[in-house]
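There's a structure below that I have some questions on.
As written, the chain order gives the labels A, B, C, D, E and F, with residue 1 at the start of each chain.
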C-alpha cells in the first residue's frame, strides 16, 4: 500500500547519517542528505547534458530514491564495511529494497532503477553517485565550520574517487580552497 | 557560483518546519519534508500519467525545488499569513527565489519552474501541491502517534483543499481510517 | 482570556532564534533571548538613570514584552527583510500584537507600550533596543567560543548601530577585546 | 564586571528545568521559565493593583531576577530537597547570589530584592511566587498535551499552596477544566 | 593503546539505539542502555546466586562489555537482520570486537568473555542476556509513558524469549501490570 | 521493589552531566559517563592487580553504582559546592542512597559498597575514583575536538588530584600530548 511505503521511507527523516554520529555529530538525517543530493543532481545533470546523452527524469528519480533501502537496513557506517563486507551489505540492501517496493504498484520498475544506481555504470548513476559524495564533502566542510575536526574525511580517497566529471572536480576544488582559507 | 547555491539551500536542513514548532514539536527540517514530497510526487505522477498528460521530469524538478525560497525567507508559519498577507509573502518568495537562482547558470529557467509551481495551474504543479499537503498530513499523523495533540490540523480545510485527485483522496481516507483506529 | 495569552506567548520557548538557525546553530529560544534582554535592561536602566529621566517600570515592561509578536509571526530572519520589506514585517507585527493583546484586559495599554518600543524614540525604547542588540552580540561571542564561525555578525553595522549610550559601548568594547584574545 | 554577570546569568539558557528532566522531558530552560514568569507577573500585578498597594517596578525586577542563583547552583530538583534540606539549599542560594551580584555596581541592592523574594512576605514577592508556580503548572499542562504523564504534579499540594490570590485561582481553575476536557 | 580503546568505546555515548530511532524516538544512547543493563545484572546475579553457581565478576564484566562491538559496527536494527542475516552480523561483530581489543593488553581474554556472551550458553551469559532484554522492555514502557505507541514491542516474542529465570519473569509481569493500569 | 529501583536509576539516562551544561554543552548523560567509567575500571583494575591486592568484583560493582545517588539528588555542578558545602552534599547523597536502596533486598550491602566508594580509602575505591576523573578528562578532550573551549578544566588541579596510580598518569600524559598536537 502506498501509505505504508510513505510511512517507511519517512523513517529516513529520523535516521541520522552514521558517518557524522561516529564522529560525535548528532547532525543531519538521511532525508536531509538526499534532499541536497537531488538538488545537486539537477544542477550536475543540466551542466553535463550537452556533453553526454542523459535521461534527466532518470537522474532525478535515482537521486530521490538512492538511499531508500536504509529505511529497512539503517545507515551502516563506512567503518563497519570492513567487517560486514561490502557484498553482504549490498545484498542486504537489494533484498530490503525489493521488499520495500512490493508495497507499491510497479514496484519492480522502481527497484530496477535503484539497482541501476547501485551498479554505478550508466551515466545517470555516475552523476547521482558524484552528487552523493560531493554533497557529503560539502556537509563535512560545514560541520568543520561549526568547530568539528574532520581532517580524516579529506584524506580518505574513497570519498572522492567517484568525482569523474570535470564540473564536479571544479566545485570540489573551490570547496577545498575555501576550507584552506578558513584555517 | 554553484557552491554558494548549495550552501544556501543546505540551510533547509537546519530550518525546522514552523507549523510543528508552533505546536511545540521540534521536529523535521524543511529538507526532510521536501524529501518525502519528492517521493510522493514520483508515486502520484506515475499513477496519474495514464489519465493525464504529465511531464514527469518537470514534476520531479518542481518537487525538489518547491520550498527553496525558504532558505532565504525562512519557513513562515501558516498562522502568520493573516498578518503578513499571502501576497506579500508570495512576492517576497519570488524575489528571494530570483536572487537565489542568480548564483547559477540558466537560473531563470529554474526560476520559471519554481514560479509555475507557485501558480498551481499546470497539472505538474497540482500534483506537487497535493504531494506537499498530503505529506504534511502523514507527518501530522505520525506526530500524533508520538503523543502530540494536533486535532486542529484535521479540522482545517486549507490543509486538504488541494486534494483534487482521486488517488490522493484514497490515500488520505486510508490515513484518516488508521488515525481513527488508534483513538 | 489570560490563559490563552499565556499559552500563546509560551510558544516563544519553542521558537528558536532564526539568526542562529540560518547559521547552522539550533540554539536558544526567543524566550531565552528575552530573559537576558530583561536582565541587561535592568542594569542599563539603573546605570543611565542619573543622567537621563527614565521610567524604569516602563523599561522593564518593554524588555519583557518586546518580542511578543513573534509568537504569532515567528522569528523572521534578518536576511529575509530585504524581500519581505521592513515595513510589511513591521505592519504585520503590529496587527499580530494588537490581536494577541485582545485576549487580555486593558490590552490596548500593553499594545501602546509595545508600539513605543517599535518606534525607538523614547529613552526607554532606546535602552531596551540597545539591550536587545548587545544581548545578541554576547550570545554571538558565546557561540563562537563553542566553535562556530560568525565573523559576519561583527562586520554588520546593523547589529550595533543602536549602541548610542556610552555604557553600552564600553561593554561592547570589552566583549570585542575578549573575543580578540581568544583568537 | 557587567559582562561577567551577563555571561553567568546567560547560563540559565542552557540549564534545563530539573523538574521536567527528572520526568524524562528534556524541555525548557530556566530562562524560558523566567521569561513567562515575568509576563505573568505583569498581568497579575496589573490585575491586583487596584486592591493592593503594589510597587510594580519591584514586581518586575523580582520576576526577572528570581531564579538567578541557579546560574551558580544549578536547578536543584524538588525531590532532592528532602535530602539537601530546604535550609541548606536556601543558604547556598543566598551566598551564591551575593557573590554573583558582587560583579556589578550596587550589587547589594539587587541582592536585597532577591532576598525579599525568597522571604515571600511582601505583596510583590507573593505575586511573583504565585506567577512562578502557576507558570509551572501551565507548562505541565502543555507537556501533558505532548503526551507525557505528569499526574503527580496535580496531586502535589506544594505546587499550588502559594496560590493565595483569587485571580490566580481563577486561571488555575480554567487550566484544570481544560485539562479535564482533554482526557 | 588504552586511550584509543576508550575513545572508540566512548562512541557508544553518541550512537542512539536503533530500535527507538526506527520508531521515531531520538532517545537513549547505547551507553545509556548498557549502564542499566549492568545495574540489572548486579541485581539478577545476586538474586540467583543462591540457586545457581555464578561467577559474579564475570557477569559484571560481560554486562559492561556486551555491546562494545557496536562502536565499530553501529547499532544494527532488529528489522534489518532479516536482510543482513543474523550470522553475517554475528561474524562481523566478532571480527570488529577482535580488532577493537587488539588495542589493549590481554585483549584476547576480553574477547573470549565477549564471545561467551554471544554464545548465550553459560549461566553468566544467560543472566546478562535476560538483563539486556528486560532493560529494553522497561525503556519501552517508559517511552510509552512519554506518549509513544510501541504496541508491537509487546507482541514480539523475540523480545522476551530469553526470560528464562523466574525472577526475570516476575519483574516483567509487574511491568506489564503497570502498563495495563496506565491504559 | 526492583522495578522501582530500575525506573529511578534509569533517570540517569536523562540527567545530563552538569559540568558540561554549565559550559554550554548539552552533552552526555550521567549514565553515559558511568558506562565508560566502568570500562575504564575494568582496564585499570586488571593492570593494577599484579601490584596490589584488588577485589575486582567490588571494583566493578562500585564503578556501576558510584553515581546512583544522583537519580534522587541530580548532578550538582562542581561550581556549586562552594555554596552547598561538600559535607552537605555528601550527607544528602548518603541519605538519598540509603532510601534508594531500600527498594531492594539486601539494600544495606549495596549501600555499604557505595559508601566505601565515597570514603575513597580502599584500593578499589581509589581505582574507581581515578577512572571517574580520567573518564571526565577524556570527554573534555573530545568536546574540545568538537570546538568547545574548556581550558579551565586542564588548569583545575581538583580534576586530577586523584590520579595516584602510574598507569593512570601515563594515559593522562598521552591525552595531554594529543591535545597539544591538535592546537
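Everything that follows uses one rule, which is that a contact is a pair of C-beta atoms (placed from the backbone, for glycine too) under 8 Å apart; a residue touches a chain by one contact, two chains touch by 3 or more.
From a predicted model like this one, the values you see are computed outputs, not experimental measurements.
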Label-sorted list of chains bordering both subunit B and subunit D is C, E
Go through the assembly and pull out the chains touching subunit A as well as subunit C. B, F
At the subunit A/subunit F interface, shared numbers over all numbers used: above half (same) or below half (different)? different
Looking at Cα centroids only, farthest away from subunit B lies chain F
Angle of the C-alpha superposing rotation, subunit D to subunit E, to the nearest 5 degrees: 120
Compute the distance, rounded to whole Å, between the mean C-alpha positions of subunit C and subunit F. 41
Need the CA-centroid distance for the pair subunit A / subunit E, whole Å please. 31
What positions in subunit D touch 2 or more of the other chains? 24, 142, 146-148
Tell me the shape of the graph of touching chains, choosing from line, ring, star, complete and other. other
What are all the chain pairs that meet the touch criterion? A-B, A-C, A-E, A-F, B-C, B-D, B-E, C-D, C-F, D-E, D-F, E-F
Taking the complex as given, what residues does subunit B use to touch subunit A? 1-3, 5-7, 9-10, 12-13, 28-29, 31-32, 34-36, 38-40, 42-43, 46-47, 56-57, 60-61, 64-65, 68, 104-106, 135, 138-139, 142, 171, 174-175, 178
Provide the residue numbers of subunit B that touch subunit C in the complex, in ascending order. 11, 14-16, 18, 21-22, 24, 26, 72-77, 79-80, 82-85, 88-89, 91-93, 95-96, 99
Considering the complex alone, what residue numbers of subunit C touch subunit F? 142, 145-148, 182
Subunit D-touching residues of subunit B, taken from the complex the two chains share: 24-25, 146-149
